[in-house]
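A, B and C label the chains in the order they appear, each numbered from 1.
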Amino acid sequence: MIVLFTDFGLSGPYTGQVSAVLQQTAPGIPVIQLFADAPSGLPKPSAYLLAAYAAWFPAGTVFLCVVDPGVGGERRALIAEADGRLYVGPDNGLLEIILRRAAGPKVWEIVWRPGSLSASFHGRDLFAPVAARLARGEPASAMAHAVVPMAFPDWPDDLAEIVYIDHYGNALTGLRGECVPETARLRAGGHTLAPARTFSAALPGKAFWYVNSNGLAEVAVNAGRADQALGLRIGSPVEVLG
Amino acid sequence: MIVLFTDFGLSGPYTGQVSAVLQQTAPGIPVIQLFADAPSGLPKPSAYLLAAYAAWFPAGTVFLCVVDPGVGGERRALIAEADGRLYVGPDNGLLEIILRRAAGPKVWEIVWRPGSLSASFHGRDLFAPVAARLARGEPASAMAHAVVPMAFPDWPDDLAEIVYIDHYGNALTGLRGECVPETARLRAGGHTLAPARTFSAALPGKAFWYVNSNGLAEVAVNAGRADQALGLRIGSPVEVLG
Amino acid sequence: MIVLFTDFGLSGPYTGQVSAVLQQTAPGIPVIQLFADAPSGLPKPSAYLLAAYAAWFPAGTVFLCVVDPGVGGERRALIAEADGRLYVGPDNGLLEIILRRAAGPKVWEIVWRPGSLSASFHGRDLFAPVAARLARGEPASAMAHAVVPMAFPDWPDDLAEIVYIDHYGNALTGLRGECVPETARLRAGGHTLAPARTFSAALPGKAFWYVNSNGLAEVAVNAGRADQALGLRIGSPVEVLG
């Protein structure tokens, strides 16, 4: 299975062209669109989001990860193997949290190049063909050589910020639920939020926080939009109150 | 074929995770995204929309239906068989109109439970695996026992409200075209609308109503957006004028 | 491979119903969503966009092209063969630029009709079944007879207008990059824009133009939205300054 984690957006030609490359290079291998709306141009919050959601997929899954504001510049292109899953993406921190949480991850720099490489769309021209070859069973070493990726030592293990606003207006933090005491209150957007186990356990219109189905602490409003009610956006700080 | 009818939105991880479960549990069975933007958190208008669009699909189709504001609460999870099609979804009225219009429908409560069931994402953890098993040919009785679903006797057979605004700004009502006299005028958003057979039969900028390609009375503006021109939203009342 | 180029939008039932028809009529043939958000109801800018993006696909690809404001009126339905690719769509100019740039294109009028043809959704009822049959290998002549399509002699070979705004706010012109001198400046939205090779070659916040990965001149802002910064929308004029 090939899983897409990008900021391409659903509209427009980007996801379609990438899907066409995957289909032609690895026919018959299912392609799952996980996020097409990862934080646009922002590898840091995307890294925490990716780490939380990738963990749900089985070993052997290949992730095509493109949040790549530096495309066409000097940044390297990577393959990573972490906890039995494979990742293809830019060396800009997007894979940092995946790698940090894995036992014995391996990283390669992609040296393979396609016949034609555009300056602005490596997702289609470089990352997609490499992901398709990995999904077909080609070893990373056939396309890449071992490398030490860029380090981001100042990034925390869990990010006390909003990293994603979903379709319902729920605001996902970069905090794993297991790192927040069950009875803690969260402070976000100037409001103090109590925990709830489910949406229906909170009063309609009431903001609360809970651990979502992928293990992240998430701020929500029952029958409402947390982003609007609390003025939250990607990057808004969150504080854990004892 | 498995058809998705949800309010998950196209963006975000929800549809992708559900698709991954379907793909893994029922490999090779095509998954069609029908609506990812059913009326968010609103089972009632969604029920009329689902009934109109499901009827277009062939017998044997499995519908995964998730408009589920009560997830994590006490509401039951259902399988229904109606007119040869199978439905999986919450017992909150979402299947009410399907069942009411069918000859001899059957309903089961899902008692099967996955190894791991999140409190907030039964679409992924419960409904999707059940839909995949039905699509693979497992009988409903292997996962569920016969039950009488919740009744919604005060819901009309046709809903004189806007139930969906589409990408073009067209406003779909919950009225089947066959229940509205061909020459009737509709009253919506403070305007009185004459019928037209097609968009190009109406003057540009002119609001009209017509019976859409799935049999619902729909309010539209040729070369314009009916939602904006008439101030319509989901839930806006519609009146049939003799 | 069947490629969708439509203004259906991603939300709503249109793409899903078309996909269901393709799946049932041509099972196993991959369907790629290229654009679901082609300029809504505007065949002219769509024609330049389609020509630029179709060229990237291999010979044998079947394109299902629906930007069809005249649906239900008198416009004809076409099959076209151009440079080894097949196109199905309305005779309203949508295929004009494809045909003009091809060597020896052929055009047929579709005379085949489905058992049931709605007045408003030929994409689902007429174009999709025809595209699926072509993808299965049926010849155009089995469903259509040779015809001369409508001519649009006043349309230029390259369109000095914005034809698409993408997810990032980048504004694509209808000008092929090969027709714009590499060092030319572009005038758009009252601003004069210098060329850049890549996003990262421009200063953050700075507007520039470049030749995108499908060969169109595109106006962009590094780490910003060109549409908002320059007030651009589909149809905004662009001028090439020596």
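Details
Quick note on the criterion: a residue touches a chain if its C-beta (ideal position, glycine included) is under 8 Å from a C-beta of that chain, and two chains touch if they have at least 3 such contacts.
What you are looking at is a predicted structure, and each value in this text was computed from that prediction instead of being measured.
Taken as a contact graph, with one node per protein chain and an edge wherever two chains touch, the assembly is complete, since every chain touches every other chain.
When the CA atoms of subunit B are superposed on those of subunit C, the rotation angle is 120 degrees to the nearest 5.
Homomeric contact subunit A/subunit B: same residue numbering on both sides for under half of the interface positions.
Taking each chain's centre as the mean of its C-alpha atoms, subunit A lies 31 Å from subunit B.
Annotation for subunit A: residues 10 touch two or more other chains. Across the complex, subunit B is touched by residues 1, 3-4, 10, 30, 32-37, 53, 56-58, 164, 166-168, 197-201, 210, 212-214, 223 of subunit A. Interface residues of subunit C, counted against subunit B in their complex, comprise 8-17, 19-20, 23-24, 27, 40-41, 69-73, 118-121, 124-125.
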